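What follows is a group of structures, each given as structure tokens.
You will see two complexes here that share chain A, one where it goes with chain B and one where it goes with chain C.
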Partner chain A sequence: MTVKWLMHWQPKPGTTLSTQILTEACQCVESIGGQKDGRWRSVLTFYKPMQRDALVPVDHPRDFLGLALQEQPAKYYFILRPNRIVLEADASIQVIMEKLQSYKARVTLNFEGFQYKLGDFQLRVGKCVPSASEALRGIMMEVEYIPLSSIDKSRQVLEEFFDIWQETISKKSLPGHFMHIESNFADYGLQDRYTSHHTAVQYATCMAQLIAAVRC
Partner chain B sequence: MTRTRDRTLSKWSVSCKGLLKPSCGRSEGEENWREKLVLQHVNALEILLHGLCGVPKEQVRVHELCLKSGPNLGVVPSEVRLLCDLAHPTPSWTVRHVGGAMRGSGADQISVLVRTVVESKVSNNVLRFFYGLGYKLDHEILKVGFAFTFHRGAQIIVTVTSAHKMPKLHAIEEALPITPNIHMVEITAPATAENYNEVVAAVSAFCEYLAPLLHLSKPGVSAGIVATATAAAASLMSNSASKPL
Partner chain C sequence: MMIPAAGPVAASSQQNTQDPADTTAEAPPKQVATAMERLSRAARLIADVRIGADRLLEALFLAAESPYQSNKSIQLVLKEESAMRKHFQDLRSLGKQLEDSGVLNGSVKLRGNSWGLHMPLVCPDGAVVAYAWKRQLAGQAGASAVDRTRLALKAFTDQKRRFFPHLEDEAFTQCSEGELGVAKKPCFSHGLLPGHKDELREERTLPDIINSLQCIAPDIKIYTYQRLDWLKRASSLSSLPSDHLVDSSNEYGLQSSSNSTSVLGNAASISEDQVAVIELLSPSVFRAVVSLHPTGSMSPDAVAFFSTDEGGSYVHARGRSVFHVFWHVTEYADKALQYFQSTNVDTSLSLILVLLIPD
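Now for the complex of A and B:
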């Protein structure tokens, strides 16, 4: 699998997200030659433990995520951030978790939008909305460099793309900027060769950042 | 769960079990002789199965870990099994959840067990994952033997294994047989809510072919051993020696 960077929109303090920013971002992609190549949708779920006795304090992970990725329709990924665990499973793991009744879905977020071909890159630009409402919770972007699977070897070209992208989007004078947060893949036992496990970790890292930003 | 589920993910399983245990009149002290007799029974069963199935056997070496939910976790206590397939150079892991058995007068009338079974292949950090969720190891065993997978009215898997316990945590190489002279024979067939009647009939019919060597019944229900199994095993071994399969 080829290397991917995940970026999210960081609004300027005191400003809010709007679909106008998403529209402008898509136009920017097209302005630099991106060819629309269909839609994409990934789904992230926050899980919470179920307790038989609600009065007893819970000693279970509070940061437990599940992720269904567009590019891996037969798989599902669980991330336990405190334990630095990312698990890949067949999609049927969701049925097993339902039957166990030990954890249930608390919040589900849909990441959806358009994907673009741009030379050796594949880009995805999309919004993050809860499944139960239309409220915009985030704007995300995935940048994938098709020729390489090595994270180290692709770093320079992705950094250069990121710089070009920042310069392009800044011309729109939007209230905020895209951010890429480095994930510590080694903490999760992941190697230099990029996989969907890495994507799952990036989404988990990004969620932690988004949640922290909302609380500020 | 949020994604649209393919209903075929909710699978049923039709199964029955039996014990391959030679009966003998000799004293318990003659272990060498007893081991040879067990081997004869197992080999005879293998010959019989090979003749019936027409496919080569597969090696079975599975490290099975049974995990249970910790205190206060879950609406109800839950149990999940992690299966590590050690028969191939690269171990692979599966999570299995076994649901409740079909109940009612229909279930009572059939000689096999019908229940839901859901499995998922997982990455090899699954044990750490479930520990992180609050599950605890209840027990672990190593199952060693062979299996035949074939189609006879339905896809059927016949597994013949001996169970081993580990003296220390995860010490597979030091595993010892729990019941040295007994092998478990399990016949399993995947089914759905729409076709389980046909699968039940196929499994029941196949069980009849094994009657010379062992009785099969619902898991948890003892069917006893076949008194003439030793003679049948000897006959099978003799026939196979004179006629190549």
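Now for the complex of A and C:
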């Protein structure tokens, strides 16, 4: 397993997102020596509970996310942020949910972009677009350090990489910057050894920020 | 005289009629001799060009100083111009011949020359290597002379240090100490060394060393194997999804028996004199493999680092990790090991194992 850091693009207040930023970011990666390795795609779904009977007050969780990751095609991850729960299920759970009709997909976001190999690192740069429209909702980056699996031990390496990356991208004078938010993995009951559960938690943490950033 | 990188000579579109079949039909020694001769002709031509340039400058100065003799200087300039043009043409054709015969690049290797005798190579710094018999030399022939000397010296000192530690010179130990000091700072802890030196100087057995290591660093798991058992484990590592599914039958447990040949706590009964490989596993961080030679002794002869996810038959004390970071760490650990072996063979095992444990 590897250790991954998720970073999202925080635009300057008052500016809008554009695919130009994504292109510049990709160019930056290539300028520091990244080699394009293919495409990547993750799908995040916001679920809302289906109420059969409108009169009965329902105690279903509000912030219910489902995540399909490219590196785990046979799995599907559920995150309940208010309750701090992350769950790994088989990919067929989506079919079951559709049959049960207990939850309905409210919004589906596609994260897609390119994957780069950079020494012991793997980078992914991509845009966040809702499946319904073509509007650009956000720009995301995944930085993966492959040799280690311990979050604690790899922190320094990833921090230094993040510094180098910030330096490189700031030369392009784009309106905004990439941000990494620390997720509290211990809250979700996760260990120091990095797994796809951690990735799911990071996506959930990012979502709140991403949506807030685009709204204002 | 050394020929500088003959770039402008090779990059020429003008060519005189030249028969390339000549070179391939000759036997390699003749090819080499021809190439050497052409190189020296090229050197002479370049010298001629330089002299011609000087003469042109002279003519210009003459014209500037005494305008009345402009006719004479014009004649000089014209004469030099035609001479230079001829020199350049000769140089171009020579360059083409050299290029065809593969002197300026390694193209002759592609022709499957089975004699093993390669064409003279012109190195980036201008040195000309006449013969490159073996593959190693051919590879090194591309490097500059300084690099070649350094590589040879390093190889000889390494071998000497390994096989003849009793012949160690003062100069060598100081050299390796200096090397270790200026190397990039690895994330090892050196703080443990001074405090433990006294204990390490005593003669200790393998179980003692390993037990004390477990006390210092309880997070690190230490296993011992016979050589063949390690190979099996290494190959099975790639199929294991996580390093938690470790075969604990080889785990080193505290021994109640004071017998020096005590069984090391497993069903397979590895006795102390069969231990050939020591594995230090720091979960999710690294896996270090130390090999002992001869089997059962206390002298380590190689150490290597790998990621905990790596598996396969290349994971052994002389193997190379696919990750750059672990490869660098392996190189430094190797330097440290050689230093320890050169200073005190008895304590080198304890020292290297202590060094491997990060703080």
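Going forward, the second predicted complex is superposed on the first by the 209 of 216 C-alpha atoms of A that agree within 3 Å, B and C clash if a C-alpha of one lies under 4 Å from a C-alpha of the other, contacts with A are read in each partner's own complex, and residues count from 1 in each chain.
The working rule: a residue touches a chain if its C-beta (ideal position, glycine included) is under 8 Å from a C-beta of that chain, and two chains touch if they have at least 3 such contacts.
Computed from a predicted structure; not experimentally measured.
Trainee: Between chain B and chain C, whom does A:Arg193 touch in the aligned arrangement: first, second, both, or neither?
Mentor: second
Trainee: For A:Phe78, decide between first (touching chain B), second (touching chain C), both and neither.
Mentor: In the superposition, A:Phe78 contacts chain B only.
Trainee: Kindly classify A:Asp120 by the partners it touches after superposition: chain B alone (first), chain C alone (second), both, or neither?
Mentor: second
Trainee: If you count the residues of chain A that each partner touches, which comes out higher, chain B or chain C?
Mentor: Counting contacted residues of chain A, the larger count belongs to B.
Trainee: Examine A:Met179 and indicate which partner it touches, taking first as chain B and second as chain C; both and neither are also allowed.
Mentor: neither
Trainee: According to the stated criteria, A:Ser149 is in contact with first (chain B), second (chain C), both, or neither; which is it?
Mentor: After superposition on chain A, A:Ser149 lies in contact with chain C alone.
Trainee: Over in the complex, which chain C residues touch chain A? Could you list them?
Mentor: Against chain A, chain C makes touches at 242, 283-286, 307-309, 321, 323-326.
Trainee: Once bound in the complex, which stretches of chain B touch chain A?
Mentor: Checking each residue of chain B against chain A gives 1-3, 5-6, 9-10, 69, 72-76, 78, 80, 95, 97, 99, 116, 118-123, 125-126, 128-129, 132-135.
Trainee: Write out the stretch or stretches of chain A touching chain C in their complex.
Mentor: Residue list for chain A touching chain C: 1, 119-120, 146-150, 153, 192-194.
Trainee: Touching residues of chain A toward chain B in the complex: what are they?
Mentor: Those residues of chain A that touch chain B are 43, 45, 49-53, 56, 58-61, 64, 68, 78, 80, 82-83, 85-103, 105, 108, 131, 189, 197.
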